[in-house]
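First chain written, first letter: the chains are A, B, C and D, and each begins at residue 1.
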C-alpha cells in the first residue's frame, strides 16, 4: 500500500543521527578542516574524529548501513537511505558513524560472501572501526566501466593466487588505518564472461602492493582518505584469499554495487540539501543593487528548480532502495542505474548554482562548495560513468519491446 | 512505513481500466478521430463514445476520481493517480470513464460545497454522465494567475447575484452536453483578499451567457470539448446559485485545484509513457544509414533520459497525492506546485523528442504527437503558469529560513 | 579584413525592404489572415498578395536571392541574408518579393543546371512570379535524410524517363499557381552512390502525378502553400526533362541546399526577432502581482538569453553565407550544417518562451506564435534533421585528427 | 562590407604566435608544471619563463594587446582577439607574450589615463615585462558587481589620498614581480554616482598594504600568480597617485573593462578549442565495449555541439571587438556583456564534457582539464557575474521599446 512515511524505529535512528550531527559534528567541522589544512602531513586521523567515533558507537549510531541485524540496527536499505542523506551533509560524518565508502561495500561483501576466517580476521575489525579498507577495481589503462575490459590478473598457481596489474581511483587507500584491500582481477579468460574474474582479499602490507601516487580531484587529494593509483606486482596469497572462490568476482561486484550506489546517491541528496541551504542563506542575506539578491533575476526560480530536482531524486532513490529490499538487485537494476545518473547530476547543477550565488566566495575555501562540487563531479564517473548507466537504462526500455533481441 | 506498492483493491481497478483501454478504447481511437475529422460539425458526441461510456459505467469503471465512497469506488487520490495515468494515454478515455476535466473538479466542488438543491439538480446528472460542465475563471484582460486580478463580478443585488465579465480558456464549453458553468467573480472588493470572490453555478442557457468564440490551441479547436471565450452580461441568478455562500470563491478554488492538478499531472505522465512507447517503436523499426535509428547518435540517451524523467515525475506526483490524502491540501501545497511544473515540462520535452525521432511523420496527423504536444503546452499555462508555481515553491523554501518574513 | 558592416548597395536594398514591409506588409497581415481563415477554400491567392507582388516587382525588390546579376540585383548570399532575415518576420513577405521556398531553390537549380529550353519554359515564368513550383525529394517510407535511401525511381526507357514512387512534405504543392515540380529519383542503382539519382522537371499536370493529401503541421495545412503527399505512377516524360542529364541529382541537391539553408536560417532569425519583440512588448505591458511581468522572476534573463542566441545564430549564418560566396559550398559544408542545427533550435526555444510570456493568448490565433512555433519545428526536420547535421559536423571535426579514416 | 577574413599583417602575427607556441611553449608546459608543483615555494618565476619572455620579446611578439602603435604592433582589438585565442590554449603563454591579465588592463589604463610621471615610473616597466601589477576592485563584504556598493575609501586629506578597506580576488598579487597596484575606492559619496570613486596607483610596498591571504579556486592557489585578499589600512600617497584625478574611477573602470573582457573571452575560446581537441583525441583513441568511445552514445553530438558553441562564441566576440574598434565602448556595451556571459559558460560546458569523456583521468592532474574548468568557473564570476551581465543585456533590449523608462 503506497506510503511515503517512515517506520517509527527508523525514524528514531534518523532523529538521533540528526541530533548527533547538529550537536557533535557540524559545530566542529570548520575547526577540523582548518586544523587538517594547517598540517604538513594531512594523512592522519585527528583526535576529534576518534572521539566522535567512540561517541557514535556508544550511542548505537554505528554500522547502520548493514541490513543484517547481526551486525547493527538492521535497517532496510530504504530506511538507511534517509540516514545516509543526513550523513551526506558533512564530509566527516560517514566515517564517524562507520558508514563510509568503500568500507561499507567491503563489509557487505565480507558479510555476504566472506569465509569464516575472512570474517574473523577482517570483518570484525572493520565493523569495530579499527581498520579501514580499499576497493581496487578501476584501471588506468582501460575503460573500466566495461568490466570485461579489466586487465589486472588474479591467476591461480597451485595453492596460491597471484595478482598483477595496476589500479587507480582506489578510494581510502591513503588513510593511515587502511590495512586491507579487495582486489578484482581476471582469473580465467576462457570462462563465461561473467565468470572470468575473482575478488581477492589482500592485506595492504603484502609484498608487491605499492601505492604509486595519490590522485588529485580538482587539485584536492582528499586527505586523509585519498584516491590512489596502486600497482600489484606478483602479489602472492593463499587461494583462500579469494572471496567465495574463483570466478565469482562479477557476481559479487553486482551485489556490492546496488546498495553502494544507493548510499552514494543518498549522500549526494544530503549534499544537495546542504548546498541549497547555503544558497538560500546567502540569497536572503546578501544585498546588491539595493535588494537582497533573492529578489534579483531568476534566483527564486533557481531555488524552486533545486527543490524540485532534490525531491525527485530522493523519491527515485528511495524507490530503488525499496525495490532492492523487496525484489532484489536484479529487479532494481534499471532504477539503480537511474539514480546513479540523476543524483550526481542534480548535485552538480545545484552546487554550481550555489557557487554562482556566493560570488567569488563560493570558489574559495570559505564555503564547502568547491568540495561538494568535486564530490559531485567524481560521482558522475565513479561506479560507472553516466553514459554507461544511460545505456543500461535504455537497454531495459528496449527490452520491453524486443524481448529477445536486446541491443548490445 | 515506506511502501511503493499499491493496495489490492486499487490494483484491481487499475487492472480493469488497463484491460478496458486495451480492449475497448485503443482499438477504436484511430477510427474515432478519422470519423470526427471528416465531419463538417465536429461539436458532437459520436455514438461510439456513448456506447463506451455505458460499458465503462456498467463495469464500475466510473467516477473513480472521487475519494468519497458515496459517489463511486472511493479510491484515495494516490490510488486514483495510477488510473489517471492510464487514462492519460488516450484523448478520449477520460470522458469514457466520466473522469474528464473540468467535470471532475466541478463534481468535487459540488460534492464538498454544493447545497442539497445544487447536488440534486446538477451533481446527480454530472455523476451520471448525462451532462457536462465548464469552469470559468481565467480572464483575457488580466494575468489570472494572480487571483486578486480577477475582474469579472458577481455582485449581490437583493436576492439575486448578477454576473458580468469576460472569461476565456473555459474548457469543455463547446461540448454539446455542456449545460452548466461554475463562474468565479468578484463580490466584495472591500473584504480580505481571500474573501472577495464567489463561485456561482450558472446554467449555460441563462440569458446573458454568450460563447463568443472557440479558441484554437496550436490551430486545433479540440472538438467536441473546446476552449471558449465566454461573455457574461448582466447574468441574473438567485443568490442560492452562489456555491457555499458569497466570498468563498478563493477557498473553493484552492480546494478544487489540488486534486485537479494531481489528475492533470498523472494524465501527463500517461501521455509521456505513450510518447516514449511510440518513440521506441519508431527507433527500433526505422532504418537510416543502414541501421535502426535506435543505434544512431544519442537516441538511446534520449530514451534513458525520458525514462528517468517520467519515473521521477510519477513518484513526485504520487507523493503529492499521498500528502493530499493524509495531510490535506495546506500541507501539500509546495508538492502540488512542484508537480504542476515538473510533469508538463517533462511531457513537452519527451513529446518534442518523439516528434524528432519520427521525422516529418511526427508533425502530421499520422501520429498523435502534435496533439500530445499541444496538451503539454497548454498544461504549462493552465491552472497557473510555471512561473507562478516556481515562485510559490521558492516561497515555501524561503519560509524555512525566514519564518516571519516570507518575500512576496 | 574583418568587417561586420554591410556594403552601401546591399544596405539600400535592405532599407527598402524594411520600408516596404513596414508600410505595405505588416499593416495588412492581420486582415489577410482573418480573410483567409474565413474562406471555405483557403487554397487561393488573395488579391492583396497579387497587388503587393506587383508593387514589390515595380520597386525592384524582386528575386533578390539570386546571386547572378542577370536575374536580379545580384546580391551575394551574405548580402541577401540580411534581407531574408527581414522577410522572415512575416509569413507572407517571401512570396511578395518572389523569394519564397521552394521556388528560390528551384530557380537556382534551373539557372545553374537547366537547359535553355527548361529556362525558357519555366525559369522565365518563375522569375516573373507567374507560376510556382514544388520540390519532391523526401519520401514517407524511408529516412530520406540519408539520400541513398531514396526509393522513388526515374528510370530511362528509350527516349523517355519514367517516374514512380511516393513523396511527401512537398512544400507549395497546394498553391493554385503551382505548375511544375522538381522530382528526385533513382536512375542507376549500379552507379557510384553519388551518381545514382536524377532530378527531373515535371509539369504538375503530367498524367500519373497525383496529390494524395495535404499534410497538417501541428494541425495546420499552411494554406495556400501546403505540404503534400504526392504519388508518381508511371509518369512519362521525354529524357530532356532530366536536369543536366541522368545521375546528377545528388550533385544538384548539394548545390541547391547550401543557399536554401542560408535562406531558411536567416528567415528563422527574423522570425526569432519578431518573437522577441512580441515577448518584450507583452512583458512590459502586462501586469501581474502588481508589476509588469518583465519585473517578475527570470523574465529579463529570458530576454537576455534570447538576444545572445539570436546574435550568435545570425553571425554564424552570415559567416556560412560569406564562406559560400567566397570559398564555395564544399568549404562551407560544416558551417551550413551548423546553422541548420543552431537557427531552428534557437527559434523554437525563443518562440516557446514567447508563448509562455503571453499566457493563454500565446497559444491562440491572437498572436502568430504557434505558427512561428510550427515553422521552427518543421525546420528542425526539413532539409535533414538536427541529428544528421550534428553527425556531419562531428565528422568534419574528427577529420582534422584522422585525415584518412573519417568515421561513417 | 561584410568580411570574415583577417588582414595580412594581423595574420602574420597570428601565424608567428602559433609557431612560437608550437615550438617553444607547448613542448615545455608539462615539465614546467611538474617542476613548479615539486617546489615547496611555488611563488617563483622559473627560468624557462624568463627565457621564453626574452625570446618572445626579441621576436616582436610582445604587448600585442595594446591598440596604440607607440607601444607595440598596434593591432586592433579584433585583430588581437585571434591572438588572444591562441594564448588561451596555454596557462603560461599570456605571461610569455606580456599579454597577461591584469597587467594588460592596467597598462591600458596607464596608457590612456596615466600622468607622464606614472607612465615613466610604471608603464615603462610593465611594458618591458620587468614588473607585474594587480587590480584591487572587488571586495569581500559587498556584492561588488554593483560598483556603487564599493566601500573601500580613497579619501583626500590635504595633498594626500588615504586608502582604507579590504579587497579580494586581486589576481596576480602573489607574483614575485608584482610591485604595483591599481586600487579603486570611494572618494566623494556626495558626487553623482558615476563620479564618486577614484583609481589610485599604489606601490605594493607602501606601508598599510597587506596581503592577508591567498584565495584558493577549487583548492588551487594558482601559483605564482594567485588571487589575494588585501587590506589597505591608512595607506597614504600623494594626490598625484590618483589616476586622472579624483572621481574618475568609474569612467576608467568602464573603459578598462571592454578590451579586458574581449581578451578574457578570446582566451576562453582558445581554452575551449584545447578542451575540444583533448576530447576528440581521447574519443578516437580510447576503447570501451569493443569500440572507440567516439562511436558510443551521444559522443559525436557532444563534439558537434561543442563546435557550434565555439564558433558562435568566437564570432560574437570578434564582433564585439570590431564594435569596440569602430564605434567605441558605449556602442559595444551590450555585445561586451553578451560575450562575458556566452564565452565562459560555453567553456565550462565543454570542459565538463571533456572531463566526462576522459573518465577518472579527466579529474586528475594528468590532463589540464580541471585547471581549465576552474578558469571557466572563475570567469563566470570575475568582472561581473553572469547575472549582472544578463540584466544589462535585457536593459538594452528593453530600451528599444521604452526609450525613456529603462527599468533599473
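As a convention for this text, contacts are C-beta pairs under 8 Å (C-beta built on N, C-alpha and C of every residue); 3 or more make two chains touch, one makes a residue touch a chain.
None of these values were measured; they are calculated from a predicted model.
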item: Same or different contact residues where subunit C meets its copy subunit B, judged by the half mark; value: same
item: Pair exhibiting more inter-chain C-beta contacts, A-C or A-D; value: A-D
item: Between subunit C and subunit D, centroid-to-centroid distance (C-alpha), Å; value: 42
item: Where subunit A and subunit D are represented by their mean Cα positions, the distance between them in whole Å; value: 38
item: Intercentroid distance (Cα basis), subunit C paired with subunit A, Å; value: 53
item: Residues of subunit A whose C-beta touches two or more other chains; value: 297-298, 300-301, 387, 390-391
item: Interfacial residue positions of subunit B with respect to subunit C in the complex; value: 138, 140, 142-146, 149, 168-169, 215-220, 286-289, 293, 296-297, 299, 355-356, 359-365, 370-371, 373-374, 377-378, 380-382, 385-387, 390-391, 408
item: Complex interface listing, subunit B residues touching subunit A; value: 1-7, 78-79, 276-277, 280-281, 284, 294-295, 300-301, 303-305, 307-308, 311-313, 315-316, 318-319, 322-323, 326, 334-335, 338, 341-342, 387, 389-391, 393-398, 400-402, 407
item: Complex contact set, residues of subunit C against subunit A; value: 297-298, 300-301
